[in-house]
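What follows is a pair of complexes built around subunit A, which joins subunit B in one and subunit C in the other.
Presenting the complex of A and B:
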């Protein structure tokens, strides 16, 4: 009888031990999954920002005066012409290595204006997408003025 | 005292000690003051540089930076900016800058779901241009930009969370 009680006691201790072990493992893996997810989103966000910088530094768009280039600025005239060119399939394919599957839009905020779609290449099947928005200057060479605008990059995966 | 009683007594002591330890941990964790952590934000800094470079048509094509520099030379009393220049529409440079700051913040970070706190803490007049749509609790991302004009300076700060 005494031996049986001892055996039950050992089994009970083992059950409690395994419950605690499984609770610990579950907690650990849940926190790890959320950390991985967070890092993935962060990486995607950085890639979207990289695309925005790539677009802003293209000679086809930048605000350059003689040899100097103004940071974080797009030329409104160049933007009009370049977005018209990028609406053609052949030109869109040429810029695929630069922008991949993404959509790039530019919207004037002050003074307000209509949104211009610079590049739009959406895959047939979209698993996830992430948007990165950044303020930019939009230069009007005719008036020699700068408007406050936003560049929006939507990256598809 | 029998052996079984002694064992139970020992177990009870262990359980009490564990409960006390747990209670202590919970009390320490809940009483901790929230520490304010600040990270550098490219987005906030980009906003400030873009804002300062924006041209204001109604103010003879002056940039927001020039409006702020002009505003720094004025004084603020009784809700009025004394000594600040007026734009073509009769609005003072300070009020015009405030309108643009509020407008651009509302249409960018405000509409993107951020809580923002824009402030110019080190200048008495420009301090009146502060704008926010709430308060950041503990974690925030910050961008700052300094403007200098003939010995006077002001630091524009934008906190996002």
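Presenting the complex of A and C:
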């Protein structure tokens, strides 16, 4: 009888111990997962901004005047040609290391115009999607005029 | 007998406690060790993404020099012969596909980052050069030999000055000019790496460096020879020969750890040139179409075939007007598509000058410039 009580006592202690242990582990891993998730979102955000910067500074797209580059500016004629080139599979593959799985769109806001998809490489399975928008100038070399626009970068993971 | 049974029971009890305690301790120890490893790995990846961000931003603006703190574990760069390039901090690795030229390992003082534009004559891409003051470069030239001294002067005049903070040098491109006659007396200094840049002079191993590990490049009129020597070797041994395409590519060879990294970066830049020249040619075709096919009189003839008026999506490189700016851009597109070993360097140089002249002419004719 005394032995049985002792055994129950030991089992009870073990049960309490394991409950506390699992509660601690669960709490720890939950907080770790949310921290990792936060870090991942931050990294994705940073990457999206990096892509927008990269796209805006591409010589294939920039506004240059006698080899002087204008910041945050996209040449409308270059944009037309480059987006056509990037719709070809070979060129898309060539630019994959630069832009990865993402979609880059340019939309004229004032005066308004139709959205141009510069680069589109969407993975078959999308787990998460983060968007970064930046204001830009769109230059028309023929009329020598500028319009306001937005560059939108969608990053997939 | 009863006492013996109790004593045995007590012993088993303590053994049970010891075993259970040891198991619990082992569990917590292994958990802590795992967490430490995971934490370290996470830190490495965080630093790696920060470095990646800095490198990406540095590459955007050409003609700038800046510095970043070098991670304590060191920052390693590598490129395989197949151009799989990556940089890594300990075990954390990140691939890169940009013209980045760096020594194998940067460790210790702050990393010096220099971004230089590669123009043909328009900006094609920015080359990123990395080093730190722990690596010593020796520019060996012959003042009596005109090609050698001219190239030496050209090379040294573009190098950014040291980066300072509160009048103290934080980091710099640590180089020393050495004439061929001074080479034999050159002393070995306490640097982690030594790199010799022989500018249009024969490769010679300095006498006092015969038991020192070092690397070197030899630049002549058209090519760059990559050399290295270990402590056991008394002379430099040839590893690779590549062609150069102007002063920026020579800087690339100076900073690149080997011929593979140099070739990968230059071929990436050539790929960019091929695409950019094609875009500029098509853009010029569009400008011609918009001015010539819709406006009367006048217009800008840039060299696109006249059929562009009927077909706006015409490939202007299929039949461009000879001697026009579009023809030059199309030729540049064709030349740049070749691998570095088969590249027509002279042709590329001629086109660069011709394009510059043609673009200025367009301005005089009140036409939109092509670049």
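Just so we're on the same page, the second predicted complex is superposed on the first by the 121 of 157 C-alpha atoms of A that agree within 3 Å, B and C clash if a C-alpha of one lies under 4 Å from a C-alpha of the other, contacts with A are read in each partner's own complex, and residues count from 1 in each chain.
Definition applied: a contact is a pair of C-beta atoms (placed from the backbone, for glycine too) under 8 Å apart; a residue touches a chain by one contact, two chains touch by 3 or more.
If you're wondering where the values come from, they're calculated on a predicted model, not measured in any experiment.
**Student:** Subunit A superposed: clash or fit between subunit B and subunit C?
**Tutor:** Aligned through their shared chain, the two binders fit side by side on subunit A.
**Student:** So, does A:85 touch the first partner subunit B, the second partner subunit C, both, or neither?
**Tutor:** A:85 sits against subunit C, while subunit B stays out of touch.
**Student:** Going by the contact rule set out at the top, does A:50 touch subunit B (first), subunit C (second), both, or neither?
**Tutor:** A:50: touches subunit C, not subunit B.
**Student:** By the touch definition at the top of the document, which applies to A:94: first (subunit B), second (subunit C), both, or neither?
**Tutor:** Only subunit C; A:94 stays clear of subunit B.
**Student:** First (subunit B), second (subunit C), both or neither: which does A:120 touch?
**Tutor:** A:120 sits against neither subunit B nor subunit C.
**Student:** Which partner does A:144 contact after superposing on A: first (subunit B), second (subunit C), both, neither?
**Tutor:** Both subunit B and subunit C are touched by A:144.
**Student:** Check whether subunit B or subunit C contacts more residues of subunit A in the superposed model.
**Tutor:** Between subunit B and subunit C, the winner on subunit A residue contacts is C.
**Student:** Between subunit B and subunit C, what minimal C-alpha to C-alpha distance in angstrom results from the superposition?
**Tutor:** 13
**Student:** By the touch definition above, which subunit A residues appear in both interfaces, subunit B in one complex and subunit C in the other?
**Tutor:** 144
**Student:** Residue numbers of subunit A touching subunit B in their complex, please.
**Tutor:** Residues in contact with subunit B: 49, 70-73, 109-112, 133-137, 143-148, 150.
**Student:** Residues of subunit A touching subunit C in their complex?
**Tutor:** 36, 39, 43, 46, 50, 53-54, 57, 59-60, 62, 64-67, 69, 75, 77-78, 80-82, 84-85, 91, 94, 97-98, 141-142, 144
**Student:** Would you tell me which residues of subunit C are touching subunit A in their complex?
**Tutor:** It is residues 42, 46, 49, 53, 56-57, 60-61, 95, 97, 119, 121-125, 271-272, 275-276, 278-280, 282-283, 286-287, 290-291, 313, 359-360, 363, 368-369, 371 of subunit C that touch subunit A.
**Student:** Taking the complex as given, what residues does subunit B use to touch subunit A?
**Tutor:** Touch residues, subunit B against subunit A: 42-43, 46-47, 49-51, 53-55, 57, 61, 63, 100, 103-104, 107-108, 112.
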